[in-house]
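We call the chains A, B, C and D, going by the order they appear; numbering starts again at 1 in every chain.
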């Protein structure tokens, strides 16, 4: 536990160092992409614990991200003033609704970001509960396909529904006032604050998950990954544990979706695309499957570079190549001590590498 | 652990260095956010190539007012979140004078607010009406209005005494925007939509959809889409023996779609900018020279047919260049004001007349009804 | 006083009667052995008892309650722990961690409390580790506590798996061929270990091929053949039982 | 809905169905030989189409198609040798990720080779508008080509696996690698062969459907997804069944749009996939036991 405290502290220090470095060198704008990367990292962390530790693959996590982002965006942009009626007035009475000016000086009556966010995340959680049961009974390719299928369904629905703007997505999403004087917003004046908000969330999430993996539950999850029947024989309710961790990671994705949507001021179908889900999985794989720190660092690095357009028209290609190379030569990821041994093992099968 | 933290520090230091690298004061900086790859690459591809060509040309001539143009093309892959990231990057970091694109309406709407906040000119190459209506101070667009295209079609229908139509549209931004406008304008023109279907851009066969329309005995089909699948529609319609006229959107303005549809494309009627039928225009037409030049240059350089999409980028860049020239400075405010008051600018999309109320500057006269004759675009003679 | 009583339990796979109407009891504190030629249905019977398989009919009363139809983890929670014929150690975990998983039933931390690392967990974790170290002591594996379990020599892996089951503090321990693939010396050690486990007043039911081991340690023996119970008696008598001898000679096994 | 309309929908369904079926067969061959689902299967179809179109410029159509199929077969072999062959007991997760990576890689390479524009082979007979009229139903001759060639392919495959030594060896490996190895069959070569086979079939599929569906650098993925659905529907590893399943799904889809907005067409097919996975992963036609012992 001490060790973990040090890690977190060290990481927090780095986060601060980056901000100072950026500000002092007059490159504050780097924080924009770093902030976005932070939110994507939340998804990656959630997926890492599900796939890396509990051994349940998911190629549909962008779906949960999208459920969070889209619902929050829809509720905070859909103008209710036209509707009126008892429900609306009722909601207004409960203080759930809020008035705000739009881009063109008009006024909108919409749901306040807080209830919207809560509703969005709860919905994602509910969906995860609902599909998790049957999905997690499946194994191997079947599990991969089922999660992939879920992702595609979300993508299709988003794309085919005019209420959520079909292909255009939802735009003009307002800032999210988390606390008095602290808001998730893309305004360049709030850049530094948002950088800290985002990384604050990541560190919080990291603490939660590190606690989890180092605990009784963490061991149970790892044992499910290692030998499900033995875990069951030790009295671990494997089905329930798998479902719970699935829900946890879905919640991480949904929260990320909500926050990034408010930060970007919009959300589009691309956020729910299969390619996105694959990227998250790729990052977890590159980070070393059961390695939260690795996943976090790789997510930070790759998302940052990708969002700054360093990969140009080769963006997806880069991910593809990295994915293949890592899986071929270092299936346990890069950020590890015995990396070299594994490379040897991979090249000379006689070495017999271990498999996850 | 220390080691790992070390890694991050290294990574970021590196990143900052790379970022800091791009600092050069002299040239005019222009950004472009285009969907060069991904689901809208058929838009972004030609647009990007057109811009590269134009910049080369301008710089070869010594730039604008003696300033060379430095163009940053960012490939958004049609994902809004990237468009957002790039828009901020271009405005805050690259300090660009203007952003050309994005290619899709979705992305444009996502960064509209950012352009406003960053007080940076945005010349969108996307079609949707919402981009310029309501008008936002810094946001302009070069493609013609859907509503005008549709009006042109409806006028033609009235001449042909058609009142019962079936509508098909792609599930992309272009398709859904057009679908909305059609549903809005049809009643005013005394036209009833008896069947209305949306198809996916990855569709492989749409026989079922057109069969449904035929079953509703529509007199004509309007097919509103910008994706390849639209030529599958015409083909399947003809295959199942639909004889009535087929109207397409200006999204059909890409000779490859005609080639793909083959014989089925013959006789399709669609409104489009004059680029596609430039040769057929009377010499009196003011656009003719501009069109022919762009066509010639583009086709010479890239060995592929020029499309109206590239034309939108052409117009966006030329309008900007013209404005900078006239403003005689690279001050965002000044340039923007010049664009807003620009009149009679001859582009590929039509003759632009901007105003404080109209940030598109094109009217219904920007459209010519075209048809396909022997696999080539030709003016439609009513 | 019977701890476990099995009544006319049967299970068939397609045409094959893997376990056919078997009944016997396991008295509290006994070491009972289940022997029989390959394919006699011993492991199937274990899987039925521990809930990994559903029987076609029959009843299993454990500690005075019917356990048939319960999920394996529920049966484990009732106090029945088992090992597997092929070792099922958790990879990428140390010996200690493997044993700690066995403590699952005796700790309470849930998802939320674990994420928040609530104070009570520190005590819980501490005592769990204490117990496990004690068990490692008992197994004579303290030295290997921090090694990765699956990298230990095979013999020790068997012991770790046994210890993991022991960590559940079961009332009864089902051992599926604990001596499989062990050399004579190791087998003898396992034998001693099992007797010492009994001294921790844990009842033991084991499947074993190694006759010498079985004869040494077990109080009673049940003989299965082709899914049916053909004998149940003290080792001394089983050795003389003509039918049993017949099968084994016929099999040429053991 | 009158009879003609009904039949027209059926024809449409059969058209989609055949396409899906071909992709599914590709999946099954590799799955049987390796237990891997090759997520890059759709890319083989795309490659076949693209290459054929390019070669079509200087070669007569049949030659171009043949060459395209052979080339793609080569790619299949190359992929197996470079990325799969030497892996030591790879985990399912690892294989999934690798093949996904391959799919991305091939797609992006195609983008940078051929650009983003759509291509199509000419219709084998007649033009895009020619259609044969049976009663009130219109059928494009190309559809007949697709159905016909697919039928032949399936027949040949069936014969290959039943009656040729090589085919039987592949089945042996599928049924029990180790036993097969003991009989002196090189499992590794069988795997390579399976990749070549399914790449070739995918490519052929890509060629024959491209006049109808067109081909573009990214047209692989949607096909692959339909392919999965069908492969699962028919029971993973069961090629004949997957043809039937393809037809079923195709017809379901074409009718679904007569009641639902077409925008949700794909939701239907994927939803079906999920239902099957939940209800009976062994597929519609397969029983659990059959699913376990893999057959081509």
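In this section, contacts are C-beta pairs under 8 Å (C-beta built on N, C-alpha and C of every residue); 3 or more make two chains touch, one makes a residue touch a chain.
Given the structure is predicted, the values throughout are model-derived calculations rather than measurements.
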Interface with more contacting C-beta pairs, comparing B-D to A-B: A-B
Geometric centre distance via CA averages, chain C-chain B, whole Å: 72
Mean-CA-position distance for chain D and chain B (Å): 35
Chain C-chain D separation of Cα centroids, rounded to whole Å: 48
Chain A and chain B, separation of their C-alpha mean positions in angstrom: 33
For chain B, residues that touch 2 or more chains besides their own: 36-37, 171, 198, 200
Multi-chain contact sites of chain A, meaning residues that touch two or more partners: 159-160, 313, 316, 356
Two or more partner chains touched - positions in chain D: 108, 111, 261, 263, 266
Contacting chain pairs - touch in the sense defined above: A-B, A-C, A-D, B-D
Residues of chain C touching chain A in the complex: 50, 52, 71-73, 76-77, 81-82, 84, 88-93, 97, 100-105, 107, 109-111, 114-117, 121, 124-125, 128, 164-165, 168
Of chain A, residues touching chain C in the complex: 1, 208-209, 211-212, 215-220, 222-223, 226-227, 229-238, 244-245, 248, 290, 354, 356
Footprint of chain B on chain A - complex, ascending: 3, 6-7, 10-11, 13-14, 17-18, 21-22, 25, 27-30, 32-33, 36, 103-104, 159-160, 162, 165-169, 171-172, 186-188, 260, 264-271, 273, 293, 297, 300-301, 304-305, 307-310, 312-313, 315-316, 335
Chain D partner contacts - residues on chain A that touch it in the complex: 51, 55, 57, 59, 134-135, 137-138, 140-142, 144-146, 148-150, 152-153, 156-157, 159-160, 274-275, 278, 281-282, 285, 289, 313-314, 316-317, 319-321, 323-324, 327-328, 331, 345-346, 349, 352-353, 355-356
Partner chain B, residues of chain D touching it in the complex: 1-2, 5, 8-9, 11-13, 15-16, 19, 108, 111, 115-120, 122-123, 127-131, 133, 138-140, 209, 212-214, 216, 218-219, 222-223, 253-255, 257-258, 261-263, 265-266
